[in-house]
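Below you'll find the structure I mean.
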Amino acid sequence: MTVNPSLEAYQPVDSGIVPRFAGISTFMRLPQCKPDEVDIALVGVPFDGGTTNRPGPRHGPREVRNQSTLMRRVHHHSGISPYDLVRVGDCGDSPINPINLMDALDKITGFYDEIRAGGAIPITAGGDHLISLPILRALGKDRPVGMIHFDAHSDTYDSFFGDNKFTHGTPFRRAIEEGVLDPKRTVQIGLRGAISDASNYDFAREVGIRMIFIEELVKRGPEDVMAEAREIAGGKPTYVSFDIDIIDPSMAPGTGTPEIGGILTREAQDLVRLLEGVDIIGADVVEVSPPFDLGGMTALAGATMMFELLCVTANAIATARGTAAAG
Amino acid sequence: MTVNPSLEAYQPVDSGIVPRFAGISTFMRLPQCKPDEVDIALVGVPFDGGTTNRPGPRHGPREVRNQSTLMRRVHHHSGISPYDLVRVGDCGDSPINPINLMDALDKITGFYDEIRAGGAIPITAGGDHLISLPILRALGKDRPVGMIHFDAHSDTYDSFFGDNKFTHGTPFRRAIEEGVLDPKRTVQIGLRGAISDASNYDFAREVGIRMIFIEELVKRGPEDVMAEAREIAGGKPTYVSFDIDIIDPSMAPGTGTPEIGGILTREAQDLVRLLEGVDIIGADVVEVSPPFDLGGMTALAGATMMFELLCVTANAIATARGTAAAG
Amino acid sequence: MTVNPSLEAYQPVDSGIVPRFAGISTFMRLPQCKPDEVDIALVGVPFDGGTTNRPGPRHGPREVRNQSTLMRRVHHHSGISPYDLVRVGDCGDSPINPINLMDALDKITGFYDEIRAGGAIPITAGGDHLISLPILRALGKDRPVGMIHFDAHSDTYDSFFGDNKFTHGTPFRRAIEEGVLDPKRTVQIGLRGAISDASNYDFAREVGIRMIFIEELVKRGPEDVMAEAREIAGGKPTYVSFDIDIIDPSMAPGTGTPEIGGILTREAQDLVRLLEGVDIIGADVVEVSPPFDLGGMTALAGATMMFELLCVTANAIATARGTAAAG
Amino acid sequence: MTVNPSLEAYQPVDSGIVPRFAGISTFMRLPQCKPDEVDIALVGVPFDGGTTNRPGPRHGPREVRNQSTLMRRVHHHSGISPYDLVRVGDCGDSPINPINLMDALDKITGFYDEIRAGGAIPITAGGDHLISLPILRALGKDRPVGMIHFDAHSDTYDSFFGDNKFTHGTPFRRAIEEGVLDPKRTVQIGLRGAISDASNYDFAREVGIRMIFIEELVKRGPEDVMAEAREIAGGKPTYVSFDIDIIDPSMAPGTGTPEIGGILTREAQDLVRLLEGVDIIGADVVEVSPPFDLGGMTALAGATMMFELLCVTANAIATARGTAAAG
Amino acid sequence: MTVNPSLEAYQPVDSGIVPRFAGISTFMRLPQCKPDEVDIALVGVPFDGGTTNRPGPRHGPREVRNQSTLMRRVHHHSGISPYDLVRVGDCGDSPINPINLMDALDKITGFYDEIRAGGAIPITAGGDHLISLPILRALGKDRPVGMIHFDAHSDTYDSFFGDNKFTHGTPFRRAIEEGVLDPKRTVQIGLRGAISDASNYDFAREVGIRMIFIEELVKRGPEDVMAEAREIAGGKPTYVSFDIDIIDPSMAPGTGTPEIGGILTREAQDLVRLLEGVDIIGADVVEVSPPFDLGGMTALAGATMMFELLCVTANAIATARGTAAAG
Amino acid sequence: MTVNPSLEAYQPVDSGIVPRFAGISTFMRLPQCKPDEVDIALVGVPFDGGTTNRPGPRHGPREVRNQSTLMRRVHHHSGISPYDLVRVGDCGDSPINPINLMDALDKITGFYDEIRAGGAIPITAGGDHLISLPILRALGKDRPVGMIHFDAHSDTYDSFFGDNKFTHGTPFRRAIEEGVLDPKRTVQIGLRGAISDASNYDFAREVGIRMIFIEELVKRGPEDVMAEAREIAGGKPTYVSFDIDIIDPSMAPGTGTPEIGGILTREAQDLVRLLEGVDIIGADVVEVSPPFDLGGMTALAGATMMFELLCVTANAIATARGTAAAG
């Protein structure tokens, strides 16, 4: 295999020489880099202070790194070879604070401000879903962004346990209120599970979020649903948020709010592959909770979804630059 | 959220105030009640003395209670909100005897006699499948009832280990022989797995049970199959028995007789939702075996299937009373 | 067995009638009571917001309740039969807030104010070790109390992650600063594990806490060490705090800050039995973290240590009243 | 049930008399036999010396034997009753050498030479996928055989870690080079997962292997794909190799190279059942790795796939002899 | 190594040739034999119908066989090499009945009648502790035997759940009542754990059983305690019953009635080695419950304790014959 | 805390700023360094090709790194603060070859040649015990070294599976034969477990290795035994090899050849602390096998033993330099 010399410094460790179980675990076995050295920054946000029930996603980035050592270089279906297209690196973990929620949110936004300043597109391993809020605060600072959101839950609740506004059930209501997320360009895919009150979805409906429940998703299929999603995104800057709990708990047990009846991982892969053409300005895979995982299965799913997101994002960059592979 | 004052005493603990991990576990976080206080009695039968191979369902009710603390109030798809329609409570566990099978059967029937006398419809967490027999003895005492039976196995064997007639492989043959179950109004859905002898299904066929194997179920789909099932039930009193092993062992590993190639949980949910219109006089979810479970996954599936059963049952009651929600 | 009629309402479920796997789990299978109905209140504090590393103790009370269904009535060694001496009940869980640390601390103190007002001595299942602070705020409100503290860690750090003063590594420095804990009447037993800085123990030493490291404990043995501890407590009101991580992680793996080289459970039992004669005004068993537990082993150890604490506390009350058993 | 007297010595233990948890575990609870006594030899090859990443399949045969005690006698869908058609037995494990790869390969070939000399068709529980090479050396000694190969991976790499030619990623390239496998009569079904280099599939394409990726498989469905597979096999001697990792890792987590997005076990069963009419001269189920398994789930899937393979193979023999059941 | 020709047929598989993970699992990798072929019969009793709480020991014999493949030939401390002294074999499992307790007890007694008739000394893997009763009925038929009993529990309760006399908490009261066990020659070692009622030990005391609690055992040490035990046994026929729950649950978690504060495995080994000189007529290792085990740890402890028992028993036979090794 | 400026680049990440669950895992959270930059090189050898039974130690270094993030800076008992005494870093993993044993041995020796050339003392996380051979080939190249060897097994077998000389049961016989290990200055501590043949220890005895079995160790205690060990080492260059299986399998279950009856972790810590004064030229912690581990317990024990070894080694260097702390 011949690697473009300008990309030589951004290649994963070769598993034909160093076995996958050897060496220090970084995302995809990539070199550790600064955000201003790469086109795509793989980063972790080990924070779960917004969790209302079962904790653990703070351990997500480490285990996703571990399982990501199983990833390879070239997508078998799309043919995309991200490391031949763009510079990708492991840019480490965001600073956080496990004891102080508001401090953590500020630290995370600061970290993503730097990434954005460095010119990289971040693909993040969470952390609970509250982390999408400080990320959006950085990425949507100048103008609200759109979002394609894969999840079992809408995460547009108002508050919990009294008047606590910042939890993993509320990030997108906050992001909309703060003007960093455009609800009209937001689509939520895979929603399911009983709700606490019939009014739970009212806010999302009122602000114009398009909610696609699992029943509709299964009936219409990924292609049709994603065609609509791409239309909603509208070719403008769009964030992609992938909550691992959209996947069935048998395939992603390590998560805080499992709902049976989810999608299969192969359906999840279809969905993400169909992001082709979307102007992705950042993405995350959240709610991987290793203490509740079984045999690393959820972290493996999370790592693979990161790789799928990496492929479509790398290809989008290359396409914009006119250097994409034939695929 | 506004709750009907007459139902205020029968509401689950509010997870927006008390987190789901807090407090003593009852079914669905409901109050502990007597059978004569409620319309629907959620109960446990912690008995697995009928088990021919891997034991454990005696621990089912406790773990189903634990996982049921993840359940919420309003069904996302049907819109049914059971606690706004009828009185529901946790009526505790049936007395049983882990050492003496015949004594256990009598105690269980006595417990269900009381529930029936109290006017409540029981939705039960087992226990191995033998418990359906003493339940049917109480519920079918006056006249044989029909049954919609979801299971990998027909459970119509004659005897085991010599002339032992009461095992989890024999309850429905006994119920038919005793006249508490009407085989002509019985349908078994999801059967699969090799059998011990080619004659194993002869009894079921001869008495007129309709057996729908997994291959037929997958081919026809839940809607078509359940239309036939409802027709077989015929609008008359019908028991619903849900053996967790109808679900694939990857999604419900905690069970005694796993058979690969099962249905997905979302297919299971479809099947149960399509019970709408059936005159449900009782239901059970059996064979959840915590010692063989992984991460509580099977108990979570069991708890969710109980919630699905609760929704259709509550709606049926409300419909009969003319107080059902629009859905 | 004959039970004192005045205590009949405060007896555990009889396992010779209802097997241990049956029924709803309460502490020791006791009735659910209000704090003003009992002499000793078994309670849970499902809070782990003070955790600096691995979370999970929020799930502690529920799993300790589950495992406590294995407990019996009469101590085999001391002969103490607590339910024949005093009124004991499960008084439920303290309100907490998993998202808002300061709110949680206030809620917990409020809960213990009520218990104290009701006249009960609380024996608590945590929760991370920070919960001892709001408990001490209630129990030590009028005057500083003494403490016999079993733990691998001193928990007298000053702050973490900047200036965050309230974590599970800081409760006892705060309690001393706030005047609710008397350092001169405080002894810490079982300390071990490397420290972050040579100065870590300076505060404890300066304020006069007696620290007994594991090496000294093993060398002198429980009897000698506890004689000293009782002397330090000095016959005055004393709180007992038992961090499960004093026990070796092979015997208590489900905890957030495991340190190899700990004490055996039988040594832990010896230590607690030797509290006889101490004026116990409250006790806790903290840092049981079910997501990191193996087969419920740690929750079982926690439940058994609660039973040991219950025995010595009940006997102390009875002794004070002149109604203690011969033993 | 009446058994053909000539087959009486080759019947599984009757689970209606001896429960499935009792007795010494053999494949399918069959008697231990010599290869020249049976028509179909169930054997194990406990070798994983070809593994490039996560080890463990050396423990496969033992755990597959354990889980196979759950298997019964008659296929519920095809009606095939293998033990009523042919002589089947557990012929033990091949000798191997865990320390010396080349010695192990020779020992395995020697073992299969004996099986072939004895006239039995071997159905093997591996072991990693390298074991298919020494098996093919024995079975394809006289002429290259065809192969229907179910797998997530093509296993036609050239070498690893320098010039190491014998790994579980290379068996079929070696078999083709050695002339024991006919690439034109080889079809690979279920391929998926990223590859290390865009050229990875070049060899397979150049020699004429037909590769059917998961996306094509899901789109066309088992019936269509297997019709093509049978045509490729062409009615001539064909080996069937089933790598458990074709199945989704949620359903077969115990394997060394998991790839999310796999097929369901019921799809795997469909594929194998559609081997009807193929001239099966041997089959294997490989890459079951108990140390990475969860609750025996993967070994159960492996045992069931062996039973499915046994049914089609037994029926093929009986058909050839004119003694097949009506089915 | 040179094996006595008359013992050649009774040797374990050589792990220097066939690795320990290979082949079909028998006790100690020994040949399968009939009871009349051997001096010591290793057998299983896969029955747990006497279990009052957590089931599972029915799976004990299989997993003890699996873990026993790790055993070797010569005791490192005593130098005893049992397979060089006597004929030992795996004589399979007793017939049992998981559904019918009384039938099971009869079948077990019948099986041991045959073993005794064959002249072999049985060393048994249980099963729950009730199995000791039918074994004693066979071995003590002619005259009551003595017993050295290692256990956390006395197992001399009278009845459970009403008037059920046959449970794993009652075998030794029954055996004494039936005249097959001599209480004056019975010693119980390692008792601990709270009791249900202060009168629980009354029966044992009244009939003259010597009970040595864990506190006494730890204080006096194995040598002193076993000297007393040997004296109680008095050089007359003595049964040895080893309940795995004497060992601490951290070292033997897979058991139904765990009590923290148990003995270490090395202390257990000391105790059994000190049986030297006792006239052992049979022994068992019971209450190994694989569904509650962790990583096979308890089954490994059970298998090793069987090996320890095998060594002292083989040596006793050889000593009696005058053929014992120097040691 | 004030750090010596020359050591500033060799400090672990501060857990008071970056929580232990955050960031990329290196040994002890140290910087990644080259061997010639440090005084002590922490390295991994992810190789288990010498394993005769249960594989997995190839995954050891990664999981030991993960658990080592729980380690702190200053030893609580000795007061040694290694990072204030010498330069320590994570020097990565040795190249290995999982498919080719002889190639792997050469690669490992080459790696340690470089470390030695760089002037660092290596402390290694294995890997199976065969890795000690290629390490000794590098460290003992000029003259045979002494060894203090903690292990359940002597590892001085001759060959396995025919004439295979290089396994994890043979390293020290090979090292002695090759003249890199001095048997007269070698002591083995903690041996236990049955042996395959009475002659197994003959070689060790004949060449003059001092073997201290567990029974002697427990009887004499760590202080006395280690005094003898230090005398055997004789103040000359000595290698320390710590096989995790010296620890009881309840405390270190993740290992390939578990033997019940082992030492407690606190005893293991005592033993290593008593290495003070030994001229340590290298050390290893081997046979940590994550696929067989439970909850990371064994990797935590391995990481802590590495920290204990680091402390005594750092202090020895500082003492030699005259810069040791007061302790």
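The chains carry the letters A, B, C, D, E and F, assigned in the order they are written, with residues numbered from 1 in each.
Here, a residue touches a chain if its C-beta (ideal position, glycine included) is under 8 Å from a C-beta of that chain, and two chains touch if they have at least 3 such contacts.
Just so it is clear, the model here is predicted, and its values are computed rather than measured.
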{"item": "Partner chains shared by subunit C and subunit E (touch criterion as defined above)", "value": "B, F"}
{"item": "Intersection of contact partners for subunit B and subunit D", "value": "A, E"}
{"item": "Rounded Å distance, subunit A centre to subunit D centre (Cα mean)", "value": "38"}
{"item": "Shared interface positions of subunit E, touching two or more other chains", "value": "19, 21, 52-54, 58-59, 98, 160-161, 248, 250, 292, 294"}
{"item": "Interchain contacts (touch definition) - all pairs", "value": "A-B, A-C, A-D, A-F, B-C, B-D, B-E, C-E, C-F, D-E, D-F, E-F"}
{"item": "Contact set on subunit A toward subunit B in their complex", "value": "52-54, 160-162, 191-200, 213-215, 218, 248-251, 253, 257-262, 292-294"}
{"item": "Residues on subunit E engaged by subunit D in the complex (per definition of touch)", "value": "18-19, 21-26, 32, 44, 46, 58-59, 61-62, 65-66, 90, 92-93, 95-96, 98"}
{"item": "Residues of subunit D defined as touching subunit F within the complex", "value": "48-56, 58-59, 97-101, 103, 160-162, 164, 166-167, 291-292"}
{"item": "Contacting residues of subunit D [partner subunit B, same complex]", "value": "1, 14-17, 19-21, 70-77, 79, 81, 248, 250-251, 264-266, 268-269, 294-295, 297, 300-301, 304, 307"}
